[in-house]
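In the two assemblies presented below, subunit A is common to both, partnered first by subunit B and then by subunit C.
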Partner chain A sequence: MKRRIICNEDFCIGCRLCEVHCNVKHSKSRDIILAYKYEKEKEPSRMTFEQKEQVCGSIVCMNCKDPLCIKACSMGAIKIEDGTVIIDTDRCVGCWMCVMVCPFGAIKRGDKKAFKCDHCHDEEVPICVLNCPNKALMYEAD
Partner chain B sequence: MSSVIPEFIVDKNEDRCIKCKVCVRQCSEEVFKYFEEFDLIRIYNDKCVGCHRCEMMCPTDALTITKNNALYKENFHWSSYTINSIKKQAETGGMILTGSGNDKAYVSYWDRMLLDASQVTNPPIDPLREPMELRTYLGKKPDRITLKEENGEVSLETKLSPQIKLETPIMFSAMSYGSISLNACESLASAASKLGTFYNTGEGGLHKKLYKYGKNTIGQIASGRFGVDTDYLDTCAAIEIKIGQGAKPGIGGHLPGEKVTVEISETRMIPSGTDAISPAPHHDIYSIEDLKQLISLIKEATNYEKPVFVKIAAVHNSAAIASGIVRAGADVIVIDGFRGGTGAAPSVIRDNTGIPIEVALAVIDQRLRDESIRNEVSIVAAGGIRSSADAVKAMALGADAVYIATAALIAMGCTLCQKCYKGKCNWGLTTQDPVLTRRLNPELGSQRLTNLVNSWNLEIKEILGSMGINAIEALRGNRLRLRGVGLTELESKILGIEHAGM
Partner chain C sequence: MKYVIIGNGAAAIGAIEGIRSNDKKSEIVLLSKENCISYSKPQLYKMLNEENVQNIYYRNEEFYTTNNVSTILGKTLISVDFNKKILLLEDDTIKYDKLLIATGAKANVPKLKGFDGETYSFTNIDEALKLKESLVNKDKIAVLGGGLIGVKLSEYLHKMGKEVILIVSSKGVLSSLGDEKISQILNNEIIEKGVNLLLSTKIVGAKKIDSKIELKLEKENIICEAIVSCKGVKPEVSPFEKTELSIDQGIKVDDHMKTNIDDVFAAGDVTEMYNSIEDGYCNIPILPNAYGGGYCAGINMSGGDAKIDSVYPMNSLQIFDVQMITMGLLSSAEKDEVITMFDSKKRIYRKLVIREGKLIGAALLGDIDRAGILNNIIKCNLDVSAIKEELLNSKINFYVLPRNMREVIVKSYIEGIK
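Entry: the complex of A and B
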């Protein structure tokens, strides 16, 4: 199943709550206050929020049909599984080539490993879409 | 230095705050400012208008907005509001402006009326098992009808005046594009079309994007005549002449030039950046005869196919005015009570002018009945209808349908902070700032409005069932199903209802 999260920038209100909820979801405790105030290990958000003057929006991995990141990865650490692009952290050596080639800026540099949106594969609807207060983030699965 | 004490206190619980800065980004009044150097969110209480946007957006419930209880020494005669108003006026020399409806503690007659229910001798009906009719037709009804029979088929011989069909007796009241955002207008329009009812353009003209909802649009013509042309008259299903508004009877409108964006200027057909001023009177209406001319003109222009509404504010001699309006040829009279809302009005007018809608409605209905002209017009009650119960009571007092606007805004997010006139609405409703207007996704807005009216419909059906009637038509003007509580003899007489126990 291919999952896609799309942002309608006409209705993105720039609150960045998608980032907050994404961080909480990928924290150890999954509790907003513990994750932000007490947990030591923190990764940057999987969402890429961009703003230029009055237009803003969040972008995540689009699960491209023919992903450039797979071609760029010399370690073969990136693969498509059930329509979703996945980074195998055991194989990743942190060369950041995927980060360089991703046209959406959706792959992030973590602690020596690349990481990106996992489309909340364990949830019915990705957590950012679920919590978007203005339904600017939309979710498609096919 | 301002001598006005802040009305609200913004309290941030540091144990809960995760410094996500949602509050900083969401507050259009700039109450919050983040200092990166000190990793500090600084709060400016004096700028807070009490709209609670930050409180609702905060993901950890770290914020609480409270009324500043220390606001001056308690004084029954000189309230904190009065003292602050005097201070503001002493500082600025201007009128105090305000938005939305009258918030003063005048009596609400809706709360002094109770509904009847059936017991034993006239059994109630279960609305879940039996059909309930809420369909309503607005327009002039004939004195009598004649039928003709041809080849065994019966048909209507009388030619009916134009009517509009409502699937629910609840419509969305006039709010112009300009006073509210296009997204808010679109939410109302799309909800009205989904619900089979109507919304009103206010005096803002009809945006090109909204022409597709024309069948569910009532086009308003007010004293500024903004946005009126052939296409407008042809597209709208009915035309409303606005004489007055409940929140500000006798006062015109003023959309400041900075709100007149290119799109608004195109829709209103005025130069962009210029003030859109609706005069207090229609300069061509100084008598009932003049009103008759305008009504005739509109009917002529629309080929006698569309009902013409006339909207007046509820004032002291509304009944006589209403009688004149019927004789001038209006198909529907809209009465807007003193609790009705506004985008901007002088506080002194909003808080001190007009009369309650309950009273105006009762006396107008009675006057028209006494003069045997009640069938010539439908009555729409507006101004402060808060719930389905208010709507049902209005219909029992004689209204054919009700208009809601404040309730509709609340459904779309409004918290009645009454700062509509500032143009910085944090909910994207009463603003034209492109950053703020996108806070209302019309898809969501329309869904919430549809939900609201659908739930009121369910409640109205439930009330009708409890009264043992299966059509809203049977309740209309049926004041025997109302009883007053805590009303004086005179109040009961004016409202035309018996006191409880009678």
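Entry: the complex of A and C
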């Protein structure tokens, strides 16, 4: 099974709630107020919102069929688990070879470790999709 | 079916994973002259510190049993009888049905005139450990060669508290990238951090004087305690030299990683492959090519049909505080359009090389985020005439690409989009 989050740009209005909820989901408290007001060490959202004039949308890891990041990783730290591309942070050394090859720019640089969308594998539906007010974000599992 | 893989680097591991994606049962034998499990060469520098080899393993220790691979470690391939499909070791022979050659590359170590001492190199664990051992009572180290390995090694040695003299024959470090600005930025960075960088400097010879070494340069003589040669690598083809295997800069393979001999495949640093940007066969010794080539070979060896993506140089590296990613061709020809952006305050440099509207090379210094978007534009040979200024000047943004282009890209990477 492959999990995938796709953005229909015709419906995206650029509210960026996907980024907010992604942050909350991966915060310590998992509480929107606490996460935003009081948690100091906040990772950037795993979701990237982008805009060019009227066109906008959000993009995350597409769980590629033949992921280039796996091939480029110098530590063998990236693998597929239950249909999701996973970065093993214990092995990751921050060489950014994955950043160099991801065609969607979906792998981000944290503190010496790469991180990316985990497709909320502990949730039935990813949080960003659940909270997208305009249903621009769609969730697929095949 | 019996698969045999010679080598235990990234290409070999890729091949195992490629074969096992098709064929879970058949026998796989892996032969390597190094007596340890696969490790990551880009992390080799860490071996100089107290870290042990486990920290740079490329896969975990269970990898071989999980994938049902029998390993023969610490034994060297001497030659191959391709007609009889037999590998000859020092004291043994191995039969194969399908063979993958993934013997990698070995260090170029130039002979220094008048020098009978040890010239160290730095391309595998044995060499790294040998250097480490010798460093215990040495403080002043000469590193020869301003390529990637020479520069990174100098940085590591410097951080270990050694006095480093980096001797480079060209005008700047990483000159093979073909971008003077990058060389210049890195030269400055390296000097600023305290490495003694000697540019445009050739070595005439060397002489041992007690426990020290006198290095003879064209204009002066310098004293050091150890010499490490980082003058590039060359494909390890010695077991195949007297055979019918087609070898030029490396073992020649097609886009299915096949050699000119039936049932014999090759991948990684030992090969030369078609480089679409250069329109010729090249040896490109980088890890993504090794793993990717091995994986592709593995699929084809086990009855699948995989074609290798277009290959060209690319790398991600950090030299002291300069973070950079380079991709494709940066040394432009006259017909190419070159656009650059430099922000000296933020220490950001970006360069795009465009040929007939298509992006063929890109360099990002300082801000490397989302470099893969550009890399994919190079790989897919997309026309960037209309968006080149944005690609150069804005934060890299997928939505800069026209919608139809984006849709094609998304489709090509995912399966079964509804």
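In the analysis below, the second predicted complex is superposed on the first by the 142 of 142 C-alpha atoms of A that agree within 3 Å, B and C clash if a C-alpha of one lies under 4 Å from a C-alpha of the other, contacts with A are read in each partner's own complex, and residues count from 1 in each chain.
Just so we're on the same page, a residue touches a chain if its C-beta (ideal position, glycine included) is under 8 Å from a C-beta of that chain, and two chains touch if they have at least 3 such contacts.
Computed from a predicted structure; not experimentally measured.
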Fit-or-clash call for subunit B and subunit C when the two complexes are aligned on subunit A: fit
Which superposed partner A:I32 touches (first subunit B, second subunit C, both, neither): first
More subunit A residues in contact - subunit B or subunit C: C
Which of subunit B and subunit C A:C12 touches, first, second, both or neither: first
First, second, both or neither for A:G83, with subunit B first and subunit C second: neither
Contacts of A:I59 with subunit B and subunit C, given as first, second, both or neither: second
Touched partner set for A:V99, first subunit B, second subunit C, both or neither: second
Least Cα gap, in Å, left between subunit B and subunit C after the two complexes are fitted on chain A: 15
Subunit C residues within the subunit A interface of the complex: 13-14, 40, 42-43, 56-59, 287-288, 291-292, 295, 314-316, 323, 325, 327, 368-373, 375-376, 379, 390, 396-400, 403, 409-410, 413-418
Residue ranges of subunit B in contact with subunit A within the complex: 15-16, 18-22, 25-26, 57, 59-60, 428, 434-435, 438-441, 443-444
In the complex, subunit A residues that touch subunit B: 10-17, 19-21, 32-33, 36-37, 54, 133-136
Of all residues in subunit A, those that touch subunit C in their complex: 2, 4, 6, 9, 48, 50-52, 55-57, 59, 62-66, 68, 71-72, 74-76, 93, 95-105, 107-109, 140, 142
